[in-house]
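Below, each structure is written out as structure tokens.
In the two complexes below, subunit A is the common chain; its partner is subunit B in one and subunit C in the other.
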Partner chain A sequence: MTSGPILTRRQLGQGAAALAILMSLPSGAFAQTGPIVIASEDDVSTLDPHLIRNNHPIGSVVWSVFDSLVRRNADGTHEPRLALSWEQVEPTRWRFKLREGVTFTNGEKFDAAAVKYNFERMNISPFNTESQLWPQTGLTAIEIVDPLTIDLVTSAPTINMLYWLEEAFIGAPAHLKDTPADVAGAKPIGSGPYVVTEWLQGDRVVLKANARHWNGEPAIKDVIFRDIPELSSRINELKAGSVDIAVGLTPDTADGANSDKSKAVAVAGLRKMHMGISCNGIEPLKDKRVRQALNYAVDVKTMVETLLGGQTKPIASIVNPPNNNPDLKPFDYDPEKAKALLAEAGFTDFEIPIAYGRYPAAKEASETIAAYLEAIGLKPKIEAYEPGKFVEMIRAKAFTGIYYYGWASLINPSVELVILTSDAVDNSNGYNNPDYDALVKKASVTLDDGERQKLLTAAETMIWDDCPWIYLWYLPALYGVSNRLDFPVRPDDYVEIYRAKLKA
Partner chain B sequence: MSYLTKRLFRAILVLLGVSFATFMVAQSTGDPIALLVKANATEEARAALTSHLGLDQPVLVQYGLFLWRAIHGDLGQSFLYNQSVVGLVADRLSNTFLLALSAFAIALVLSVTLGVLAALYRNTWVDAAITAFTMVGLAVPAFWLGLMLILVFAVIWQVVPVSGSEEASSLILPAITLSMQSTARLCRLVRSGMIEVLNADFIRTARAKGLFEGRVVWVHALRNALLPVVTMAGLELGDLISSAVVIEAIFAWPGIGRLAIGAVSSRDFPLLQGTVLVSAFCFVVINLFVDWLYQRIDPRVRSA
Partner chain C sequence: MTGFSNRFLIGHAVGIAGVAIIVAAVAIAVFAPLIAPVPASQIDLHARLVPPAFVEGGSAKHFFGTDNLGRDILARLIYGSRISLAVGTAAALLGAVIGSLMGILAGYFGGRVDAAISWFVDVQLAFPFTLLAIFLLGTLGGGFYAVVIVLALATWVNYARVVRAQVLTVKVQDYVLAARAVGVGTPRTLWRYIFANSTAPIIVVASFSTAQAILTQAALSFLGVGIDPSIPSWGAMLNDGREYLQKAWWIATFPGLAIALTVLGVNLFGDWLRDRLDPRSAR
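Our next item is the complex of A and B:
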């Protein structure tokens, strides 16, 4: 028995040549005609329309598959969707005219009863932990006037009805009623611009355009939301042309998305990054002058330029644009003034804990700020927290010094200001200012737009000067976007794929 | 009690221990409700969810219930996914197995081939090259190797996808990356084992009998050199399943590792317990299998 070589030299040569040809293929070899692929860090854990745990990716998919009565535009204006029009017939009664002839993708009819069923589902456990419609608007009753007219009754006049309706999505009622919750979450049926055709959990959600959508079929026919946790892999996919939108880039990696196939797109987000200053912790921080001193001590502008690559801007108010008071300006960097304020308050060299959890660049930001505070004579002590523990500390108002936090992707002055009122569940630093509380509460029941704006501006101006935070910057939202795509990015993280188009 | 029955009994104890430890450690990390719900959810909504998830019961009662259900094949509902843990874990486990077993196969074939070659051509350039390869394989961190392979084969040459599991070729890069460390370790073991055995008297006898060199090396010598390799390979397989966690993240491979990480960071207790218990179960089964294999290869163990 002789054992000859398995491959002849000639065969080997042919193989090598074939391999060489394969490897020298131009990088555009994979034609870009397939579906639009969106790559995100997080997994889509559920597609129950009433369990939207994050704006992206869950929110982005839900916005594609379901419709709401009203949709929030990128600039905060309200777009009629399943509602055609609305009016406040009484201070505590909102009346909505519904769109006629809309069907869910399983053939069920959309009408006032569907709205009522969905809204009532939002008010039961576990959906009421995510759906905020009832507690935030003071909703008490839903009354069907006729099949295409519905009244929402609130316990007190509310100005935030439309805002919260924009997060209240309507699913096919019989489907929601008849299927167990875990199946309903896995097999979403809505009336939105897309339908889910395949969902491999932890891998991808495949969407197809809904040809019978009331607003016409969207321009992009096939969409895939993929879960790619590793940032460098998202960027590599983009460069390889196999992903069209890479979500969640960071300032130091964004440049990697600039290739012959794609570019990095930055938009100053709406999440206001700040150092929350505990008002129920160490003594010095209860003094307004000390809190102002901290703001004068930190050079936010330089941090934005260096740490964040200039991809965002310092916040100039607790209210997001365009509703903010334009007269307010970020604090100047003035360490001398900071020292003077500290001396005036009688607290010059105290120890100050700095806590951080999970936000991008949290460690770097905390360390830089610690250095600035050291420069005015304080003794900063940095503490890193496991993200879950951090959230618990926030909820318990348990931080005693300052903590790196972000709040929040909102475009609604009333909602934004209410978080710092003393009895708000999400007031995380124990800030308690009765004058401020009174202004915000009064505004929330003032229906006259001009009057309310005056109250809100007064509250906004008061709190800016009172410094419950060290004001930092808007968390930049960074995307890598394929050159073949026209895609309007939003500052609040939602990916509205039905508004995207392929370039000609 | 026979050798295997004893091992089986011990395996059950191990699983009980693992389940109890996981349960208690998970509980001690804090309140999952805080991570599960929106910051501005009302107190009533939180309380309702707490009782809905059974988190208001005493810890030991929760553990007892968990154990009782687990025996009946029910690992509970995931907090995060609102789905049965068994279904979630089963889906992902098959992916992880596919990845780990592919890597294992690559590691076995490569390490035995290279190890035997290195032993046969000891102290030549062949040996030096293979030893250098194993050194690099051991020294290079898997995540770095993965990124480099992606860069070259998926971004520059585009012969395989960067990540995901949609195409069959998606498996190639993660399997190679995952196999590298095991290949290197096993290769060194095969080499030293073979060198030792090739010097043994019975090999000289075999050669003296006039057997083909191929038969001497691949049958007589290798079979004896493989004994330590089998033990090690069993450990390696367990190692591959746990190393897959990192590789799964880089290559967006929907395996159990990513599920477990998600469960940890969101304090999804049932899912966490489910993934750990199932992984522990796999380890135990692999070890039992290695014990059995040991008996097959080395008759001396049978009587021990």
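Our next item is the complex of A and C:
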């Protein structure tokens, strides 16, 4: 193993934070009536409703400050928010009835024109790099029927309209129009349950309840999202009472969150962890047999039982349960078969870069996988990335070997499969399989449930065998939660603080 | 009389202890593959976080216990000594070459040359070094050679200052003046008379700079910059053990002790050397 780009800002932060812990241990609990503090590894890099880069913390803050027409419940069902009801009046025309009497926190009125302005903003640069409403639904026009009715017209019938509307947030239109984009991204005005009172980038976002929210003022009045990169600091602050929700615990550290003030809460996560295998990088990885060999070489079951403390299970499909094809099974651990496949492909001892830069315990996972790959004769080369740089590389499809990554937790087979089609924004490994593209595209415009399911299962089965990833496990969603808080945990990383309550 | 000889003996004992530690560390680094019980990067997921042999629950198989991936701490310590010593000595030597040259030029020629070099030294000393190192390694990328160069940048000023001071006294000595009077050229004067008579302080500074370089390298590895984190190094082991301090203290404790002991050894040796080589220190 040789060297690669090493500097990671998070690690620097961790080092500094570790020194801080050593020097000052818990400084005393906050009063029980203080704000609810949510501590995460990542910082909130923007508050623009159309530039959501991650489910948490950016997504969690945006969900608190803005509303969407429809909201995704933890079980994948759809909750009416700014839309009261909807129907598909024609196969390519969705009609939404909007909620009356909603105002943004700067006094602007919510109506169909506000929706149109926001959705059209999502289709221009730079917002169209993050907001996927238009490309994913095939949206072509937004027509205002009356101030409280709006039609969304698509180029072909789509089954995923509600799903993508759940990621399409509505900001105060005049505010968005009249302020420069960077200011709008720093001083967000929405109609959601909270308003932002202060944002110190890299440190904290302070929220206050919106007393005039259409759904009533939320139970928790003051909320602070804090950036605490160091995991042990998050846990120490949780135990000291100065943090109420510590996000991103690892199985090894979860125990530490159990104290007289707090406890560890686990929920079966839906984020599919994997080693993305670059299909546009080094030559050997373009061979399906090599990609399969990598899957046979890694003992995922043992890693789950030991590194992850048995708190999760290996993924058995790119589609999350309950929609997955039950006939698909995780690859067995079979290093001999892996070596045979490598020999058959004619690539036996190549150097393979392994990159990591995000997610809890990424270094441990990468180092262990490197050891497994070394055991079948490959030459792994581990590269640590600063999280921001890592995301940049993902976007640019720039990794040439394999990289530790997690696919967002969705319960929607069509959307889950779309990310590996060749023209998807999120296709980060340059996977390109025209047969697969055709199946997924056809499924996304097939309205008949049975027929669509058949196409999806065919695509799901095809890609499982083709191995665009080294399939790993569901990321266990582990939170440390203060005992004073009644907090419903979701499997998809969003922290929905407006649904939380203080215990009596 | 007794006080004098006691002090003399103590001085020697300290020097011998320093030398012993250094020799042991070098031997461990050189013979790592022979001494290490298992390869340093051998992962055993079924033996994670095993305590040291002398603690309850420990196993004789892993004398200093295992880390969060079941790697043997002793083996990693042994292999980690390679990085520490290699980087430490290489950086000190490179720093010595650059620093001595600069010091001789500044001291011998004086005037603008001296002003320019001294200005560089002052600027360098005024700059927080860790920050500079992180910046340089962040832009250059990491790797063994990059770290050595960056650490040499940290240590050259030590040499430059000491050598310059030495040269200022040496260059007005009669033998230098005599050499110049009989027509010895400048390069030869610098090499044969100036440098040759400045070696004692250079050797002393080299020992302290080695200690400084070992420490700084460990700090950089701890921060995750520099040496590839998958190569075992003491600083990186400290970082790995940080999140397990409360649960598995041994992961971070032993590399910490190894760093402390090695630096102590080099410093003791340096102290002793200074006492021996510096005619002005009391004997």
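Everything below uses one rule, namely that the second predicted complex is superposed on the first by the 323 of 504 C-alpha atoms of A that agree within 3 Å, B and C clash if a C-alpha of one lies under 4 Å from a C-alpha of the other, contacts with A are read in each partner's own complex, and residues count from 1 in each chain.
Please note the rule applied: a residue touches a chain if its C-beta (ideal position, glycine included) is under 8 Å from a C-beta of that chain, and two chains touch if they have at least 3 such contacts.
Here the structure is a predicted model, which is why all the values come from computation and not from measurement.
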Notebook entry, point to check: Which of the two partners, first being subunit B and second being subunit C, lies in contact with A:Thr46: first, second, both, or neither?
Noted result: first
Next item on the list: Examine A:Ala370 and indicate which partner it touches, taking first as subunit B and second as subunit C; both and neither are also allowed.
Entry: second
Margin query: Once chain A of both complexes is superposed, is A:Ser232 in touch with subunit B (first), subunit C (second), both, or neither?
Written below: both
Check: Regarding the shared-chain residue A:Pro126, is it in contact with subunit B (first), subunit C (second), both, or neither?
Finding: first
Notebook entry, point to check: Which one hits more subunit A residues, subunit B or subunit C?
Noted result: B
Margin query: According to the stated criteria, A:Lys389 is in contact with first (subunit B), second (subunit C), both, or neither; which is it?
Written below: first
Check: Thinking of the overlay built on chain A, is A:Gln201 touched by subunit B (first), by subunit C (second), by both, or by neither?
Finding: first
Next item on the list: Based on the superposed arrangement, let me know which partner A:Asp252 touches: subunit B (first), subunit C (second), both, or neither?
Entry: second
Check: Given the touch rule stated above, what does A:Asn106 touch, subunit B (first), subunit C (second), both, or neither?
Finding: neither
Check: Where on subunit A do the contacts from subunit B and from subunit C line up?
Finding: 1, 3, 232
Note to self: Which residues of subunit A touch subunit C once you look at their complex with the stated criterion?
What the structure shows: 1-8, 11-12, 14-15, 18, 231-232, 252-253, 255-256, 302-303, 305-307, 363-364, 367-368, 370-371, 374, 382, 384
Note to self: With touch defined as at the start, can you tell me which subunit A residues reach subunit B in the complex?
What the structure shows: 1, 3, 22-25, 27, 29-30, 43, 45-46, 48, 51, 53, 125-126, 128-130, 132, 135-136, 181-182, 185-186, 200-204, 226-230, 232-233, 236-237, 239-240, 242, 386-389, 391-392, 394-395, 419, 424-426
Check: Taking the complex as given, what residues does subunit C use to touch subunit A?
Finding: 41-43, 45-46, 48, 68-70, 134, 137-138, 141-144, 222-231, 239, 242-247
Notebook entry, point to check: Within the complex, which stretch of subunit B touches subunit A?
Noted result: 29-31, 34-46, 48-49, 52, 77, 80-84, 88, 91-92, 147, 150-151, 154-159, 161-166, 212, 214, 249-252, 254, 258-259, 262, 265-267
